[in-house]
Structures are given as C-alpha cells and as structure tokens.
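What follows is one structure encoded as structure tokens, with my remarks underneath.
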Amino acid sequence: MSGHDSGGHAVSHKMLIVTCLALLFLTVVTVWASKLDFNELQLPELNIIIAIGIAVVKVTIVGLIFMHLRWDRQFTAFIFVASFVLVGLFISFAMMDTKEYQPEIIQTNSEQVQQMIDALPAAPKSEH
Amino acid sequence: MSQLEIQPDSHGTDHGHDHDHPDHLGHHWENSKQQFEAGKLGMWLFLATEVLLFGGLFCAYSVWRGNHPEIFQYGSQFLDTFWGALNTGVLLISSMTMAMAVTFAARGNRKGIVICLVLTLMGAAGFMIIKYIEYSHKFHEGFLPGYAFYEEPNASHLWLPLEHEHDQDVAHATLETEAHNTAFAHETIDRDEMPLPPPTAEPSVIPAAGTGPDGLTTNELALETAEFAVFLPPSVIGNLENQGPELDFAEHHKPGEVPHLSHPLQDPDRPPNAQKFFTIYFLMTGLHGIHVIIGGVVILWLLLLTLRGRFSKGYYTPIDLGGLYWHIVDVIWIFLFPLFYLI
Amino acid sequence: MVIDMTRLDTGQMQKPDLAPRDNYLTHTRGIWSWLYTLDHKRIGIMYLTCVLSAFFVAGIFALLVRTQLLTPEGTIMGQDDYNQAFTLHGAIMVFLVIIPSIPAALGNFVLPIMLGAKDVAFPRLNLFSFWLWVAGALFFVLALVSGGLDTGWTFYTPYSTDPNSAMGGMIPAVTGAFILGFSSIFTGMNFIVTIHRLRPPGMTWFRMPLFLWGIYATAILQVMATPVLGITLALLAVERAFGIGIFNPALGGDPVLYQHFFWFYSHPAVYIMILPGMAIISDLIAVHSHRHIFGYKFIAYSSIAIALFSFLVWGHHMFTSGQSPLVNVIFSAITFSVAIPSAIKVFNWLATMYKGSISWNTPMLYAMGFIFIFTIGGLTGLHLGTLATDIHLHDTYFVVAHFHYVMMGSALIAMIGGLHHWWPKITGKMYNENWGRLGFTLVFIGFNVTFFTQFMLGSQGMPRRYATYPADAGFQIYHVISSMGSYILAVGFFVTAGYLLQSMFGGRRAPANPWGGRSLEWQCSSPPPHDNFSQTPTVGDCYDFSVLEWNEDEQGYVWRSDIPHPGEEEPGGH
C-alpha cells in the first residue's frame, strides 16, 4: 500500500471556483446588509445577527469545501465544531457575569484618563 | 506536524516490514494512508487550538461590546469598509488558490502547484500591504490602543484648531461638563426632561462610586436607556440657553449625528473610553496579521519544497496541511471583518 | 475483533532476553544521540530528568516558605523575598513539573509501547515539545535574574500589569509559561493522534489499558484548554509592556475578566494534572491486586466526563473576586457534579482490590496513599465549592491544603508510584523494596503532617501568601508542625531519589514482567529494544491476569505454557 495514492479525493477546480464566487457574493451581501438601517423596526441588533449569520455561513462553506470536511471523517468536523462550542461557552459565561455587575460601574472616563485629556494642548492656558 | 521525510535510519537493519518503504514514510507507520490521515488529524487539532486562541479575544470583544455597544458603534466609523472588504476578497481568493494547489498536488501536476502557491503567496502579501496601509494611517492619525490614544503628541495635533481664546475656553468647559454629565447620562429617562447641567464655571465633580447626586446608588438608576442609545450628553440637545456661550458644534449638527472627524478626541460627544474599540481592533487584527505572516512563511516553504520535487501524487501531505492552516487564517478574518468594519 | 494472522516474532514476545545487550539505552551513544533523538523512550527520560530537577528547585522554594513561617514575624526573609519564594514555588511546580510530569515523562515512555507501536505519531514534534520545555524553563531562569517574580503563580491583574508594582521578571516569566503551554499542546496533539491511529489490531477503544484512557482525556484538555492560557499570557505581556488597558479599569478594562481568562485554562489544567495520576492508579491497582479492573467502562467514561466537566467549573476560583452571584451559583452547582466521576473511580478501585491477591510492593503502597489522600483532597474541594463556606475559606490555608492534597498528594504521589511501577521497564533494574517502603512511609507521613495541619490553619483564618502572621492567633503551633512535616517529606524524597539512583548502578537485573502486568509494555524486554516491537503484537484483555504465572528463574511473570497467545491456536508459540 505504500506507493498508493495517499490522499484519495481531490476537490475539482470547478467546484473551488464556484465556491469562491459564492463566498465573494456573500461578502457583497453582508456589506450591503450592514448599511441597512433597522432602527425603525426597533431592532438595531438585527444588523449584528445578519452579519454574524452570514459569517457563519461563509465559514461553514470554507470548512466543508476548501477544508475538505465534506469528504473527511466525521470526527475531524467534530473537533472543529467542538472548539467553537468551547469558545461559545467561554463567551456566554463571561458575558453573563460581566453584565450582572455593570450597574455598579460608573460609565465615564477614569480620573487618570480625564487628566490626560485635560492635559492635551488647546486646553486654554489662562496666564497667557 | 507532518512526516516530510524519513530520518536517516540509524538503526538501519531493524525494519521488519515486508513491503517497500518510500522515503516519505515514517518508520512507525504501516502505510502512507495511515500517515496522511494521522497528519490531518494532528493538523485539525492544531487548528482547534488556533480557534481557541482567537476565541479568547472574541470573548473580550463580546464582553466589551455587550456592555458598551456605543463604543463599538462609534468606533467602527473610523475604519474604512473598503479596505476591509478588499482584504476579505483577497483572502477568499487566496484560499481558493490554496485549495487549487492541493487539487493539483493530488493530481500530480507540479506546475499547477507552483502557480497556485505563488498566487496564494501574492494574496498573503496583498493582505499585509493593505493592512500596512490601514495601520500606518491609523498610527499617523493617532489611533492607538490604550493610553497612547490620549497621549501627546499623537492626539494633540488633532485638537480642534480653535483660534479664539473664547472658543478654547468653551471647548475646555464643555469637556468638563461632558465628563460630569456622562456620570449622569444613565439617569435620563426621558429626553424631554433633561436635568439641568451644572454651571460651566464649576470644576466638574465625578460622584463617588455607587452614589448619584440625590443619594441614589447607581444600580438603582435606570439603565435601559444607557444600553443602546447613541451616547450624547444633554449639553448638545436641549437646554442650550443654560450652558453659556453656544457652541459652533451644536449649531451645525443635529442631535444624534456623529460628526465626520479625523480623531475621536476632536469630538466632545464621543463615548467615554472610546479607545477600547481601537485596543481590541489592534489586538485582534494584529494577532491575525501575525498568523498571516506565519501562513505566508509556510506557503513559501511549501513552494520551495515543490520546486525541489519533494511531492508527488502519492505524497503531498504538507501541502494539504499547510492549506488547512491557510484556510483557518481565512476563517478568522471572515469573522473579524463584520465585527469591526460592518456592525 | 481484527486479529493479525501474520506470524509473530514470538521469540521476542514470549521469552524476551533479560536486558538484551542492544536496548534503547545502548543503541546509540553520545550526548547528541540523546539531545537529537527521535526515540520516544529517550525523550521521556530527558523529560523525567528535567522535570525532577525542576521539582527539586521548586521544592527548595517550598522549604524556604515553610521555614519562613516557623515564627510569626518571619524567620528568614522579608515580604518581597517571600512573595518571590511562593510565586516561584507555585509557577515552577505548576508549569514545569506537575503538568508535564506524567504525560511527558512517563506517558512518552510507556504510551507507544502499551500500544505496541514503534513510536508516537509525530516523533519530531515530540522532540520539539521537549525543547520547548527547556526554553520555557530558561525563560523562568531569566525571570529570576531580570527582576524577580512576585505576583503569585496566578499573575492576577492589576498588580501584575502595573510596572510600578510587580517585579520586572513578569514578562520573561509569562513568555516562559506561554512557551510551556505550547510544549503541552504539542504533547497532547501527539498523544491523541497516536491513540487514534496507532492502536494495534485487536485493541479497540475498550481494550485499551486505562492508563491510555486517562492520557487521552488529559490530551483533550491539553489541546483545548491551553490556547486560552496562551492568549491570556500574551495579553498580560502586551498590557504590561504597552499599557493597552484590557484589564485595567482606568482604561475601561476589567480585572475580573482576566480571572475568567486565566481560570478557563487553569481549571482544566488541574485536571490535566490529576487525570494522568488517576490513569496510573487504575493500572497499578489492577496489576498489584492481580485482579481484573472493576468497572472498566465506568472508569473509561468517567475520565472523559471529568475532562468535559472541567470546562464548566472555572468560576469556582472566583467566588470572592467580584463575580456576580448568578454566575457564582451556577458554577457552584456544576462543581458539585464534577466530583461524581472522580468518586466513581475511587469506588471502582476499591472494588478491584476486593478479593484480590494483593502484593504490597512500593507501587501499590503509593496507590493506597493516593486513594487516602485523594479522598481527603476531593472532599475538601466540596467545602470550597460551597459558596457559603468558601467565603470564609477562600485565600486561606484551607485552599492551600486542598490543592496540595490533590496536586501533590495525589498527582505527584501517583507519578512516583508510576515511576516505581515502570522503573524496571525503563532502567532494566529493580530497586530495593525495603528502601522503597521506607521512602513511601516518610513521604506519606511527612505529607499528611505538613498539609493536614494546614486545613486547621485555614479554617481558623490564616491567610495564604502571607509572610508573617499574628503571634497571638494560635497559628504558630500549626505552622511549626506543618514545617516539621515538610522536612520529613523532604527527607522522604531524598531517600527515594537515593535508592532509585543506586538501583541504576547496583540494582538487580529486572525481568520483562516483574509485577505480572498484562499490558503490552510487559511483553518486551526490560529495558525495551530500540524499536519496541519488531512486529505489531496482538492483544487480548489487558486486565486478564490469569494467563500469567510466576517464574522462579526469571524472578518475574511469564505467559503460562498451557494457554495460547491471542491470535494463536496452540499454546507454546515457538
């Protein structure tokens, strides 16, 4: 088996080009969608949801086609997905926690930063 | 991570294999397929670590954005969507050429591999050039992470070029007012009912942590309006007669309009800690840029190996694995682009 | 079940030479043949040597800490030096000793042989991992000389990122830890791929020795958790160097976020430390009780369960740090459940011993010590996982005692037990059993005297990381007892090192199978040949000891002559 074709399947060039065009198209779509204003619908978050959603679709396409996951063992895709799941876990707990204690934080520049702003020139020097 | 070539066997006679042993096959593998699959598994594990590495930064982004969306909405206007989209396109196309290189390799077409790797390399270089353009513009304009955002001389030359002393006084006083008012902004429940801003002659007093002016603790104050509101101090909208000399700015700008500025420090209406946007921007795109460079080096190495004839239809594992690495660099950018440039 | 029907080289399988002249130690000679070796066994030995040296250094720091605390106003050093002492003790022990110890030192040696493989999946990556360890260690040395390190091994912000506060060795230390993280990641990657792809015919997942299950679960953690440490340390270094404000409240950053980042790795890290220890104990108990492991699947699944659960409980290190009550409750609840798989293992081990034919050799003594100490350590973890009691106990000596019970008393004890268990295989020599028992006794007594008193100290309020303490609080007597215990412990370690080293030069020749183990590493000679096995062996049930019998000439166990090997029809082989 040693001289045997080690990889086996190769993605056809045509499929790669079509995939790339699809991805570029999705990029255009996401730029266009970001300029839409959903404020009238009381849903400004929709921009974020659409942008992330399209990004997820693009990543899935890259993973399946470019990274060959469609033809690889399932375990490989499992590893990839698992890493995102862990990141998601991390983010959700951290966001949950920090959101809870935001009320105790004063929303302003700190003293230190405020002093730096004040120290910038064009702040009037009254002696002059 | 991949067995590129068999090490010169110091234990030459100990092979018990019955079949022939190609050069690229490690002595502990039964056959090429086993080695290739193992290499792939190893590479995917490494990609998982890359996802988790960036995941930490995505966590910082999410936490900050979730708690201060106004900073991000404000900051993203200073990034040029054009360059970001161009970078996205460049990386996507280079991903395609990389995948094509793998296909050529599987078919044993050496020339095809070389052309595609060169194109991918050009994509990497293109990305870094665009990044360089963006970064140098930012550094020049004083958009720097952390304290550097506020430090002289970066920001000073961008200060409002106010010629009249009177205007300078007003600008200074407005900043003080703004700093004071930001502490009270979350008190605002109805924009028609503005609390009167304090007289501008007084030095601003930031209340002690946890207590508002009427003795209410900050966590008893209404917060909903702070969350997604475009952050503007009351001094600009309404009650203009109470704040002393009118500002040029307030006269010529509608409430809620964000002025086109070259630097946030010119804008008295910026949200506090606006530099956080640029901090996380530089951290994430910087780390990504480092990975693009690493990817570029890997591709260059693959190119050199191809030119030296190391690969064949039966063995092209490094190209496949290097391609995977390049794709993950692309995947990360696919997430970064909308997060910073679009939303 | 796939059985390889090719003719095996049964001469090697059945009757390996006693210390064949050509083994992995003698195969090639010279320092470079070691430093550039791709042989997993040699890499394992190099790791072992380095890890034990680091253990010695960190142990010295520990003795300094204990000596300092003999008197209330401090015995031998000032506050700043004390801060450095406990920081370096912790950082070196965690990053340079415990995390790599079992996987990199013992695992590297044993894992491929247990799989009947010639090497790990990526031998060059393995060597690279080792050199990364060395580089990380050098950075720690650099940290020592370039300003010192006094932040505690946890590098908490904002102290560590303020250049005016923490000592100047921060950035080299953090860089060193970053590099060590990659050493750990690559080792984990190597082991996962090796276990997936290099198992021999007949060894399905549930026929693997449980040591491999534990190493596999550890490797998952090493790969998935360590990158978060990487980014955390990188952010620390950037913040310290450039003041970017990610964890600095003055710039809108959040120091509690740092703790989330840090503990998201460091909690799985402590399971990286304990899982291999548990893995060793499973095998030790089964072999030395000469009894099939009880509840194989339960132990295997609980290893994976511990690995997965460990990602869900990191917040229990932050109960008093300003974490919100909501999240406190969630983490506390999940922390209770993470104790369950560990308990399942302990019960299975005890059940394994029941009606076994137990040989009280040194590895078995260490295994017993492990069970006793780990039970205490695990139970006191529940005290700390309970919100109400943790408010009182956090940052006291109770915590110090708890983690020493699980990290040192369990993980390290298991490592030493494993070292004794595989010592004949690694060196081809037997150590003196009586000295072994003495060494264990000293270590066990010393350990418990040192750390049990610290539970009492902590619950009475003695804070950790304090160089001095009030004279009237009644702490001193406990501190003195604890320090005396630490000196006994040190003597125990020196005794152990002494007789092990002596055995390398003057010990009795070891047979292939001194303890009667059934897993594949006992079927090659002691020490193994360079290639481990010339033909891939076949496996049966690695906990079925009935096929072995004691051979008086060899002073070891051999395959019974009336039972065929797996894959053969006739007993006797050749």
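Per-chain numbering from 1; labels A, B and C assigned in written order.
The rule is short, and it goes like this: a residue touches a chain if its C-beta (ideal position, glycine included) is under 8 Å from a C-beta of that chain, and two chains touch if they have at least 3 such contacts.
Since the structure is predicted, the reported quantities are computational estimates derived from the model, not experimental observations.
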Contact graph of the chains (line, ring, star, complete, other): complete
Per-chain Cα centroid nearest the overall protein Cα centroid belongs to chain C
Of B-C and A-C, the pair joined by more C-beta contact pairs is B-C
Between the Cα centroids of subunit A and subunit B the separation in whole angstrom comes to 10
Chain-centre distance (mean CA atoms) for subunit A and subunit C, in whole Å, is 37
Contacts with two or more other chains occur in subunit C at residues 196, 224, 228, 251-252, 254, 257, 260, 264
Expected list for subunit A, residues touching two or more other chains, is 75, 82-83, 86, 90, 94, 98-99, 111, 113
Residue ranges of subunit B touching at least 2 other chains are 30, 37, 41, 45, 48-49, 52, 55-56, 59, 63, 68, 147, 272-273
As the complex stands, subunit B meets subunit A at residues 19-22, 25, 30-33, 35-37, 40-41, 44-45, 47-49, 51-52, 55-56, 58-59, 62-63, 66-68, 81, 85, 88-89, 92-93, 95-96, 98-100, 102-103, 106-107, 147, 150-152, 155-156, 159-162, 165, 168-169, 171-172, 175, 179, 182-183, 185-186, 206-207, 209-210, 218-219, 223, 226, 228, 265, 272-273, 313-317, 320, 323-324, 327-328, 330-331, 334-335, 337-339, 342-343
As the complex stands, subunit A meets subunit B at residues 1-13, 16-17, 19-20, 23-24, 27, 30-31, 34, 44-45, 47-48, 51-52, 54-55, 58-59, 62-63, 65-68, 72-73, 75-76, 79-80, 82-84, 86-87, 90-91, 94-95, 98-99, 102-109, 111, 113-114, 116-124
Per the touch rule above, subunit A residues touching subunit C in the complex are 75, 82-83, 86, 89-90, 93-94, 96-101, 110-113
In their shared complex, subunit C is touched by residues of subunit B numbered 1, 3, 7, 10-11, 14, 16, 26-28, 30, 34, 37-38, 41-42, 45-46, 48-50, 52-57, 59-60, 63-64, 68, 71, 145-148, 272-273, 275-276, 279-280, 282-283, 287
In the complex, subunit C touches subunit B at residues 9, 27-28, 33, 38, 112, 117-125, 185, 188-190, 192-193, 196-198, 223-228, 230-232, 234-235, 238-239, 242-246, 248, 251-254, 257, 260-261, 264, 530-531, 534-536
